[in-house]
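Paired with chain B in one complex and with chain C in the other, chain A is shared by the two complexes that follow.
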Partner chain A sequence: MAKNLELEQKQKAESNSNLKTLKRKKTIWAYIFLAPQILVFFIFSAYPIVMSYVYSFYEWTGIGPLEDFVGLGNYQQLLSSPRFWNSALISIYYILGTTVLGVGGALILAIILNDQKMNGKGFYRAIYFLPVVTTTAIVGIIMGNIFGITGFFNQFLLNFNIIDKPIPWLTDPVLALIILIVVGSWKGLGINMVYWLAGLQSIPNELYESAQLDGAGFWSTLRHITLPLLKPMAAVIILLSLVSGINAFDLVKTLTNGGPNFATETMDLFIYNYAFSSQLGGGQVRMGYASAAGVLLGLFTFVISMIFGAASFGKQIMKLKGNKKSKGGVKA
Partner chain B sequence: MRKTSIFLFGLFAMILVLSACSSNDDDVDGDGGGNEGSEDEDVVTLSFWNRYPELRGGFEQLIEEFEAEHPDIKIERQETPEPETQLRTALSEGDLPDMWTNIVEMSELVEVDAVKNLDEVFTDEVKAQFQDGTWYENGTTVDGSVYGFPLASPKSKAMIMYYNKDVFDMLGLTEDDIPETWEEFKELGQQIREDSNGGVYPIVWNNPGWANEQLVSMMGTAITPEVPWQENLKEGEPQVLTEGKIESAKFLKELLDEDLMAPQSVEIGLGEAEATFSVGQSAFLWSGDWVGRQLFVETEFENWGVAPLPTKDGKPYYYRAGSEATSIRVNNDTEHWEEVKTFLEYSLENLHRIVYVNTGAGLPAKKDVGGEPPFEQYQDILELESELAIPVPKPAEFNPETVEFNKAYRNKLDVGGIGDAVVGYLTGNIDDLEAEVGEIDQAMKDAFYETLDEYPEVSQEDYMYPNWEPFEPYTVDKYDELR
Partner chain C sequence: MISTKSARLVIHVFLVLFGLVWIYPFIWMVFSSLKTNQEFLTSGTKLMPEGEFQWENYTDAWFTANFSGYFLNTVIFTVATVMIVIILSSLTGYALGRIDFPGKKTIMVCVVAIMFIPKGYTIIPLFKLVNYMGLDDSILGIIVAEASGAHVLFILMFASFFANLPKSIEEAAEIDGAGFLTIFTKVMLPLSMPIVATTAIMQFIWTWSSFLVPLVLTISKPELRTLAVGMQNFVQTYAVDFSGMAAGATISLIPVMTIFIIMQRYFIEGVAGAVKS
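Here is the complex of A and B:
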């Protein structure tokens, strides 16, 4: 009996050791497969981010050694620059505009396209997703042609006598920003729609069936079942939309190039203009200054994400913590 | 599992070996670094970046003829749509081409030893073959040494007025009708609008900030001649708020508001403006000397003429000659200096004729180069440019320390000029242009005086030229008078 027990223990120990070896092997392989990605991350993401912090303390044109240390000089100049604050404000308008329009519009589309009885859902989903896979720069150029003074949209309105004079969609500061927001929202509509659809399809059908049996109509089902259950998904989608709104460079560059007179210059275009501007009579190339703006943009993104994350997930985290505590209490 | 692991490991090792082999092959071809290479052992390949679209055809021809004469040297030309970005990236990676047309300020490149000293090629005898005003500090030379192979004449790039002869013929206009004053321009403009039933605009313009600043500055010299660009060279301080610039901008706005300027002007680039002019939708086009070739080649439009820009009272205007030194620069670390030198020497004899005169792309920096311009208006452009591009005092020539000073002073500015403000005014984004330009002007002055305190080796006198008379060429000996 004791011998059997010993044998059993030995077998157990052996199997444990095998399991450990297997685990170790798996871990090693995991690291081997992760290594290229980690390497790429450090070279192409971490290193440039760290270096942009370093550059931001220098007056540097991007050529030659870093010699002219200016401390916080670039930051001070940025914070006292009306052009920088203007670009920050434009970015905020753009981010909020694309989030409200893009996320809201996508939700409506997703609800329509999630209808079980609807025909040709696949076709419509593909159509709405098409802008997502179209190069943003191309979208910018085409939209520039459509909304130009002699563009298609004005011609259309003129032909139908809706207007008697072309509207300067891209050269009026307010209209240009609106067009940017509308086009930016339209461009991201498809991906937001896919996120919403994923959320909608994760809601069990039984809930809708029960609601139907209880006599609930479309609006009450939407209000009391769909929207509450989509809340966690909504937080993620809104956060993604906010963050993607910060990177509007390619669309702004090709559609308005920040004009007229910096009225649509977003923060990322501001950074580009200082980092690579070579226009005659324009500014100088100032990589250090642009890096300082980049650092501030990074901080801005971080703060937005944290605020929104705290607002959206704070309650859930607190709830989870509360659950853990109460479980701990029961055990004790 | 073990077999799979061994297989994967083997595959990984094989890929590594293969990619290493392929790198070796590349090195044989690319001669290391990717800048130069040879198709076979006897041929040396030089890389060359060009930033000027109007010189593309000319360079293609030049390189073809050069390669035919020098079969052991091949030149790989690359067009650079984002020249500044591309060159700075190449510089930071130590991957510069062997040669490139000017991108990035010369002093900046010399400071980091990125460009080759070309004194060996440009002896005094050779230098004398170029137009007056070709050799100047931070343009083609640094500390008196040559670093740039001059391409375009310093007496070029002045804005002129192109007129569409098809439109003139259609509306029964003659060259005597070409307006010289703003008033005449508006009168003729109204006539053009009426006679064409609104089908033709008098002028099509374009919206880049730099073009607007160039235009108002040039037109403005007819009113405020002591400010050719952003400095008052009599007072010795920055000045962008001038009567000339403001009135010129207001004239543009009037044209736009009175439907005498094509409405798309405020949102299109120069290319689209040229196209609009070529198809007869506008009677006039304001642009530089290079546009003649663009009209002739790109839009295949030949029936046009040139005249000076209209000014407020028909008084003459001018452009500061040699403000942009168009040149070829050579990588200081080129592994094929002998081959580059061969190309430069060949270019000395042939480039200006082939690239500039034979294509009509502009006016060459070298004198008496011969060649046959492809269109008859070339000579007219040459004459106009010679008349309009006038050398003005250059602080960098008087005191080279002003090069660094200028960088430091301009780094303090939020906005580099008034071009965007002019565009903003034209589009209705700015109501009070004077106030807006006044702010830029004040910011420039503040930054200038603040920087003067930081640079004891530079003084306000370096920007003050009492012996300069606007419209009279400022020559080298005049600097000596002030020293």
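Here is the complex of A and C:
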């Protein structure tokens, strides 16, 4: 008996130490697996993020060493530059415009497509999603042609006698911004539609069924069930749309290139022009100045995310406190 | 929800007509690419070319305007980026999702925190970095710049997939004497094919359309330009060649559109999954 017990203990100890070496081995493997991503992250993400701040304190053409330390000089200059403030305003118009049109339009489409008895859902979804996957820089050029003074859109309006002379869609400051917003909304609507559909599908069917039993019509179901339950999702979708509107570069660069006369120059195009185009950047390349504008844009994005993040998370926490059982149901 | 049949018919008619308007720019693009420049300017709103289809627009774009080179660059750039991203994200996701090791929590927190750090204009340091490393003469520079960010969404997708696989899979393989690496490459990675496919398709479409990184990194290297950047160049050089522009745009967009149409389920599910998490 005593011998058996000893043996058992021995075996236990052995398997324990086996387990330990196995665990240590796994830890080592985990770090080996993480190493490439961590390495690449430090070189190509962390370093550029840090340097984008460092550059912003220098006056620098991008050639030669960083020597001319100007402290907050670039920032002061930016904050007193009308062109910078103009670009900030244009960005805000663009962000708000694409969010209202793109997110709002997508909601309507998603509600229509979410109808259970609707045929051809997949087909419509693919059609309305298609612009999302196309290359924005190419789309900008195509749209530049369509909305050009002799372009398809003017021809179409002239043919149907809607207008009697061509409209300068892209050379009028206000119209150019509107076209930019319309094209940007068109391009992004499909992705918002898929987000909304994901939200709609998480609403349990029983709710609709019981609403029907109660005699609720389409509109009252929409108002009292669908929309309230979409609220948490709405905050996320609006946030994603706002943040993606901040990166309008591809479209603005190829559709209007900031013109006419900086009337559609968004913040990211402003930065690009100062960093890489001496012609549009006021005579010479100013990487430090551009970097400072980039930092301000980053902070701007950060503040928007925080406000919306806080708003939506705050609501969720309140809800959890209010009724704890309302969790769950987030399934496809 | 919408009860009557006639109401549904009205909705279908609306969706079809509006859908046609929605994708009309692409239809217009394809037909314009088959017209002569003369016809492009004079045909007004007529979609069909009156004469023969001008397939020469494509051969001109392909050979003379160097779309063949742009196309090849884009394919290399996209395929290499997709492969790097899959390797990095699956390895990281596996380590984070499947293994308990000291420091895991810290790394997870870092991964999520990355999404919230206010970034400056990182393309300038990235541009400088690629120059310092001597990669500005090859397409490798654009590839590493594009592929090297932390792809948080894909990492989280892999991590949650691997975390949810039953423990018995590993145990069975371990009893058979398989080592850690063998289990990963022969058992786990094949199981994660749906995630690999979603990652591949999403990253493919993003990289194919990437503009700022290749634009900046090929500023003085025309021979390395991708389609998105080359198109820009084409418009500046041949300002009046409208049908050539349409042909080039068609060449650039057809591959992504085709891939999307074939693989749309993966893509749309990936996007929907992203917002849910």
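To be clear about the criterion, the second predicted complex is superposed on the first by the 278 of 332 C-alpha atoms of A that agree within 3 Å, B and C clash if a C-alpha of one lies under 4 Å from a C-alpha of the other, contacts with A are read in each partner's own complex, and residues count from 1 in each chain.
Simple rule for what comes next: a contact is a pair of C-beta atoms (placed from the backbone, for glycine too) under 8 Å apart; a residue touches a chain by one contact, two chains touch by 3 or more.
Computed from a prediction, not measured in an experiment: that's the story for all the values here.
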Practice prompt. Have a look at chain B and chain C on chain A after the superposition and call it: clash or fit.
Written response: clash
Worksheet entry | chain B versus chain C as contact partner of A:Thr136, first or second or both or neither | second
Discussion item. Touch test for A:Asp164: chain B only (first), chain C only (second), both, or neither?
Written reply: neither
Item to complete: Name the contact category of A:Gly298: first (chain B only), second (chain C only), both, or neither.
Response: second
Item to complete: Applying the touch criterion given at the start, work out whether A:Phe276 contacts chain B, chain C, both or neither, answering first, second, both or neither.
Response: both
Worksheet item: Given the touch rule stated above, what does A:Pro173 touch, chain B (first), chain C (second), both, or neither?
Response: first
Worksheet item: In the superposed arrangement, does A:Gly62 touch chain B (first), chain C (second), both or neither?
Response: both
Worksheet item: Regarding the shared-chain residue A:Gln155, is it in contact with chain B (first), chain C (second), both, or neither?
Response: second
Discussion item. Taking the superposition on A as described, I'd like to know which of chain B and chain C A:Glu206 touches: first, second, both or neither.
Written reply: neither
Worksheet, complete the sentence: Comparing chain B and chain C in the superposed model, the one touching more of chain A is C
Worksheet item: Which partner does A:Phe262 contact after superposing on A: first (chain B), second (chain C), both, neither?
Response: first
Worksheet item: Which parts of chain A are in contact with chain B and also with chain C?
Response: 29, 62, 150, 276
Worksheet item: Which residues of chain B touch chain A in the complex?
Response: 5, 82-85, 88, 91-92, 103-104, 108-109, 111-112, 114, 207-210, 213-214, 229-230, 263-264, 266-268, 324, 407, 410-417, 419-421, 423-430
Worksheet item: How about chain A: which of its residues touch chain B in the complex?
Response: 29, 59, 61-65, 77, 81-83, 144, 148-150, 166, 168, 170-173, 259-263, 276-286, 289
Practice prompt. Spell out the part of chain A that touches chain C in their complex, as residue ranges.
Written response: 25-27, 29-31, 33-34, 36-37, 40-41, 43-45, 47-49, 51-53, 55-56, 62, 112, 115-120, 124-131, 133-139, 141-143, 145-146, 150, 152, 155-156, 159, 186, 191, 194-195, 197-199, 202, 208, 218, 221-222, 233, 236-237, 240, 249-250, 253-254, 271-272, 275-276, 287, 290-291, 293-295, 297-299, 301-302, 305, 330, 332
Practice prompt. Quick one: which bits of chain C touch chain A in the complex? Just the residue numbers, please.
Written response: 1-3, 8, 11-12, 15, 19, 22-23, 25-26, 28-29, 32, 41, 44-45, 87-89, 91-92, 94-96, 99-102, 104, 107, 114, 116-126, 128-129, 144-145, 147-150, 155, 180-181, 184, 205, 208-209, 211-212, 216, 219, 227-229, 231-232, 235, 242, 245-246, 249, 252-253, 256-257, 260-261, 264, 267-268, 271-273, 275-276
